[in-house]
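Common to both upcoming complexes is chain A, partnered first by chain B, then by chain C.
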Partner chain A sequence: MESLEELKGRIEALRSLFSDVKLMTDDETPAETASSFSSTMSDEVKDSNPYSRLMALKRMGIVQNYEKIRDYTVAIVGVGGVGSVTAEMLTRCGIGKLLLFDYDKVELANMNRMFYMPQQAGTYKVEAAAKTLNFINPTVDIKSFNMNITTVENYETFQKELLHGSLTGGRVDLVLSCVDNYEGRMTINQACNELGLPWFESGVSENAVSGHIQFINPGETACFACAPPLIVASSVDEKTLKKDGVCAASLPTTMAIVAGFLVQNVLKKLLNFGEVSHYLGYNAMKDHFPRMKLLPNTSCSDTNCIKQQEEYKEKVANQVVDESLKVSEKESAVVHEDNIYGIELVHDGAASKDDDYSAGDGVKYSLPQTSSNVEGPVVSDTNQSVDDLRNVMNNLNNL
Partner chain B sequence: MDDSTKKTLSSIPLLKTKAGPRDKDLWPQRLKEEYQALIQYVKNNKDADQDWFRLESNSDGTRWFGKCWYFYNQMKYEFDIEFDIPVTFPVTAPEIALPELDGKTAKMYRGGKICLSDHFKPLWAKNVPKFGIAHAMALGLGPWLAVEVPDLIGKGLIQYKEKSEGEKS
Partner chain C sequence: MESLEELKGRIEALRSLFSDVKLMTDDETPAETASSFSSTMSDEVKDSNPYSRLMALKRMGIVQNYEKIRDYTVAIVGVGGVGSVTAEMLTRCGIGKLLLFDYDKVELANMNRMFYMPQQAGTYKVEAAAKTLNFINPTVDIKSFNMNITTVENYETFQKELLHGSLTGGRVDLVLSCVDNYEGRMTINQACNELGLPWFESGVSENAVSGHIQFINPGETACFACAPPLIVASSVDEKTLKKDGVCAASLPTTMAIVAGFLVQNVLKKLLNFGEVSHYLGYNAMKDHFPRMKLLPNTSCSDTNCIKQQEEYKEKVANQVVDESLKVSEKESAVVHEDNIYGIELVHDGAASKDDDYSAGDGVKYSLPQTSSNVEGPVVSDTNQSVDDLRNVMNNLNNL
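Our next item is the complex of A and B:
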């Protein structure tokens, strides 16, 4: 006799098998979908062309060359509430290749967010995501990595993939941080500062009613370590931040809005249209979207950030300014044939000075002096080797 | 921070070298300092008859494991500890995990990593590179156990198990 638990397990396994089979047999199989998604993008306007609406961006004069998207590789770290929706959007847009990093499993507690299905609960997020994305657009090359990138060993793999994981075996074009923790963000920051790779940071607050995206081009814009988290910069008493449990709130709306902003800016960056936001915030309570430029901190604690800043300065100084281009960029004044009311067009930013940077009120630019916090004895210099010390520790352990 | 925590803290030597496991040249020095501080802290605990954990590392000091225990109603509750030294160490603190408690408390992240974001991480960030593993134990895991273990026992989520003395050494 099988126990109730075993039977329940078998029912679960069969149910998941059934849903997979159903997906395979219903409507089109991935192989059939693949035939309608050809590797080249057609701009033919017909219902069976999956790219007709995207290719229309060219006819509308928004994007010069939409097909370029097929050449790009994007790495997404964290495929949770924001990352999975981001991956889906890029897949539908026909991105060339996606690298997915995560080490979490799908849980029923994730079902208030988009993308994952209840029957995927218990499976690894990267695997579940790769499967679904492959159904949506089988021509996108999806590689998944079920790993925590913060450990020494996995970090090596992570860096190697960022350097050699593109469609042509070269560097990925962009890294997207969709993680939910400080350690993950700092790890991506370190990797991108070391490699000089542009990346986007994204986040949704624990109370689910605000979020942000940030574009980080090492050396040009502020890196993630350039400004410390507010809780560290301000001398807020940690006790005042106590909350019951650590379960963060989340809303599918805020997550999807942030994912939408993220992918919008990724498309602008990759396909070269519009203006990429350095920092774009979202406050759901007032539907307020602050946008600002963030310059790097010249005393950033990450030495690679400082190195990138120097290289960027050099690059800018050596840049030859093409005067002919400058002239053509000038906007010609709009003159209408009749304008009896004397209506004038004024540039959005006409009233404000564009390059007036300042840290916002209440935001400190650097870490507080550590000496003011903890004082005490410091480890003494020793001639003992690490192994000697390890033995001392082991002896102590066995006392 | 209460007075007894302050006293514990002041008796653990502070570290000097800002280096993580990817700094090939400086990491051995940092690792030595980590061991020195830990040895001192364990000695202090033993002297005060408040010994409460064992830790050891792999050969390059990137992975740590051991045990910690907590006395409640004269009974000893013991848990396995494990954690990696993150590549961003010491800018970010190690994420100490008690895997067997995974899923039993909300104050824990995936894989049994204890939640330190409120009471410890800001303190750590303000004291880079002076704090090390010993400080993470004293100011991170210690207070966590003191709050969570009685709560878990009260909820019947952990039971007293006869073990440890026999398997020591």
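Our next item is the complex of A and C:
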């Protein structure tokens, strides 16, 4: 039989072992790690500064005020294959605050996508995500909502959080849709139209090899009810999909690429650098990346969209519209008046001509530049019905 | 003072607590998790099957034999911002075997990129990576090499592993370069030219907002010594860069997007679906994605490249060349004979015309299609020096 001293020794050994491994799973972040992440961003170049490579963006002339990111609040709806990676990227970038909404649990069937770990199977996604994110950067304020935003009572909470959930108790700066269903998207659309909040929609097709992101600024661009791109991208009306029993394919690659495009455009929007894409698609089979712009539908079924359109028109007339959101004259030049949705492909080659970057003098982008209507292929220009346009977009997205 | 019984009770309590949290950090994977991952891939649609969403790629008609992935071995050189995400993606996809090469340690300054966790700071990257990957999918055979491949003796080990490191003791199927320096890339290039191994090069610019991947098949495409794209992409000759003291900017978005492009093309190559891009660039500022093809330099300084070129020509003459690697006639049609590197931009819009996908009937890609030389902008066609071509590529990449 062991003596009291031996037992005490074993307790100490177990305690020490426990405190080592505890670091990875505990809700509290180890003091050592937490102290490396301060709430202000240092630009000091040293291995122990987690922000040195981000603050270097200023030295490189890409971003003027990177540390402004600490002031922003972003709401992410859906923390599955795209949303969880989106949340991790924003956390690693040092965003101020994240609001996470989801009601699913982690399953082993999710392990073919990034972020979640097998031992998290069975736990709620928002809880598992918040724990991991807090561990990655404990200075990011993570608030998780284990709920379905599409029910009437939860919708109220959702709206309230969008209005008062920021770091300063005000409106969130952006909403990101990373859900995999039609109702979720329509709910976000409704809330953002009502509140006049800018948001990004994202999606990945059921066959796992295409995806898209779309920036929606109520009143200025098409809203999700004006011309839903996901129905289009997946070639399937989502309303007809039963969620149970459906086994859509998925790949970690496509999901992470879409999350990457999403967060990159969020950074460009929030930190005011580069060009924010209005619609960016990804076709993995051909490495093809369609870009387009969707203007709002003047007969949109969402009355708040119509209201926002009117307000936006007034703002433009009064020239008080946010310059960073404004469709550039160059871009709008190729939108025909009778192209009711203003669907337009922004051609990669063409896009690279109008820039302030050092376009190669020795390089001829041999696209004709004689008239504006060949600059970007314009999708039709006559009285097409909504269904025709959906078919067109459908085909475009399948290119 | 505590009684013997009380102390025994505390030991049990600690033991139980310890075994809960131990799961996350232990080298051994919990039996429960391991049993869910079998070495054969089930296509059963259930939440506990980690492969159900991958095997669904077969049902969706994307991949014919997804389970073939279990037979492949891929070597990844460099497990930093791009390489670690690459390794995680391949692990989640259920690759057969990974060989990981690196000699760096994890630093807190790496936390602005995906994959590594703060508590791994100070540990060797290959060791930290192997542990996490083994936890994600314990059936993937991970072999890590904590070494710099550019030294003479390590180069021998590296070559030996490329020749005999596969699951069956044979050649690896692909080599992926995810290093951040010139010497590393030239070493991989040398080894692959010598052994005739196909590989992918990848890179992210110092300002964090552009990147690329490139597929190199010795003899068929330009090798890294023929026309190094990284020198070009970063506008800086890497040889002149001192690694110490340099604080390049980096973003988790760009790194994950480049890793996503890389692994997506690895999957297309190994599992024979879609089109493998020869060169795919990413410009984050404009969401611009240049694609091009680089033919080998007939006066390349690497004698093994010249040898491979001769062998490839013979193979083509004898028509025994791998059809999946062959440059399509359509593509080569626009390469001028005196464009010595065969540098060619594959135009996104143009590329999407020649496919077997349902191109939208209602859509007019209004690019002129009258002659072949406007289909994809061809970079020059006369006697340019290597330096001129480098400048051209430099400018192209900065577009």
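Simple rule for what comes next: the second predicted complex is superposed on the first by the 271 of 399 C-alpha atoms of A that agree within 3 Å, B and C clash if a C-alpha of one lies under 4 Å from a C-alpha of the other, contacts with A are read in each partner's own complex, and residues count from 1 in each chain.
Here is the rule we go by: contacts are C-beta pairs under 8 Å (C-beta built on N, C-alpha and C of every residue); 3 or more make two chains touch, one makes a residue touch a chain.
Note that this is a predicted model, so its numbers are computed, not measured.
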item	value
First, second, both or neither for A:186, with chain B first and chain C second	first
Chain B versus chain C as contact partner of A:152, first or second or both or neither	first
Which superposed partner A:104 touches (first chain B, second chain C, both, neither)	first
Which partner reaches more residues of chain A (counting touched residues only), chain B or chain C	C
Touched partner set for A:169, first chain B, second chain C, both or neither	neither
Contacts of A:114 with chain B and chain C, given as first, second, both or neither	second
Where chain A meets both chain C and chain B, residue numbers	245, 247, 367-368, 373-374, 377-380, 384, 392, 394, 396, 398-399
Residues of chain C touching chain A in the complex	4, 7-8, 10-11, 14-15, 17-18, 20-26, 30, 33, 36-37, 45-54, 56-57, 59-62, 85, 88-89, 92-94, 107-114, 117-119, 121, 135-137, 206-209, 245, 247-254, 256-257, 259-261, 263-265, 267-268, 273-275, 277, 280, 283-291, 347-349, 351-352, 355, 357-368, 373-374, 377-380, 388, 391-392, 394-396, 398-399
In the complex with chain A, residue positions of chain B that touch it	9-16, 21-22, 28, 31-33, 35-39, 42-43, 46, 54-57, 61-62, 66, 84-88, 91-92, 95, 106-110, 115, 117-119, 121-123, 125-128, 130-131, 168-169
In the complex with chain B, residue positions of chain A that touch it	103-104, 150-153, 155, 181-183, 186-187, 189-190, 225, 228-229, 231-232, 236, 238, 241-243, 245-247, 301, 367-368, 370, 373-380, 382, 384-386, 389-390, 392-394, 396-399
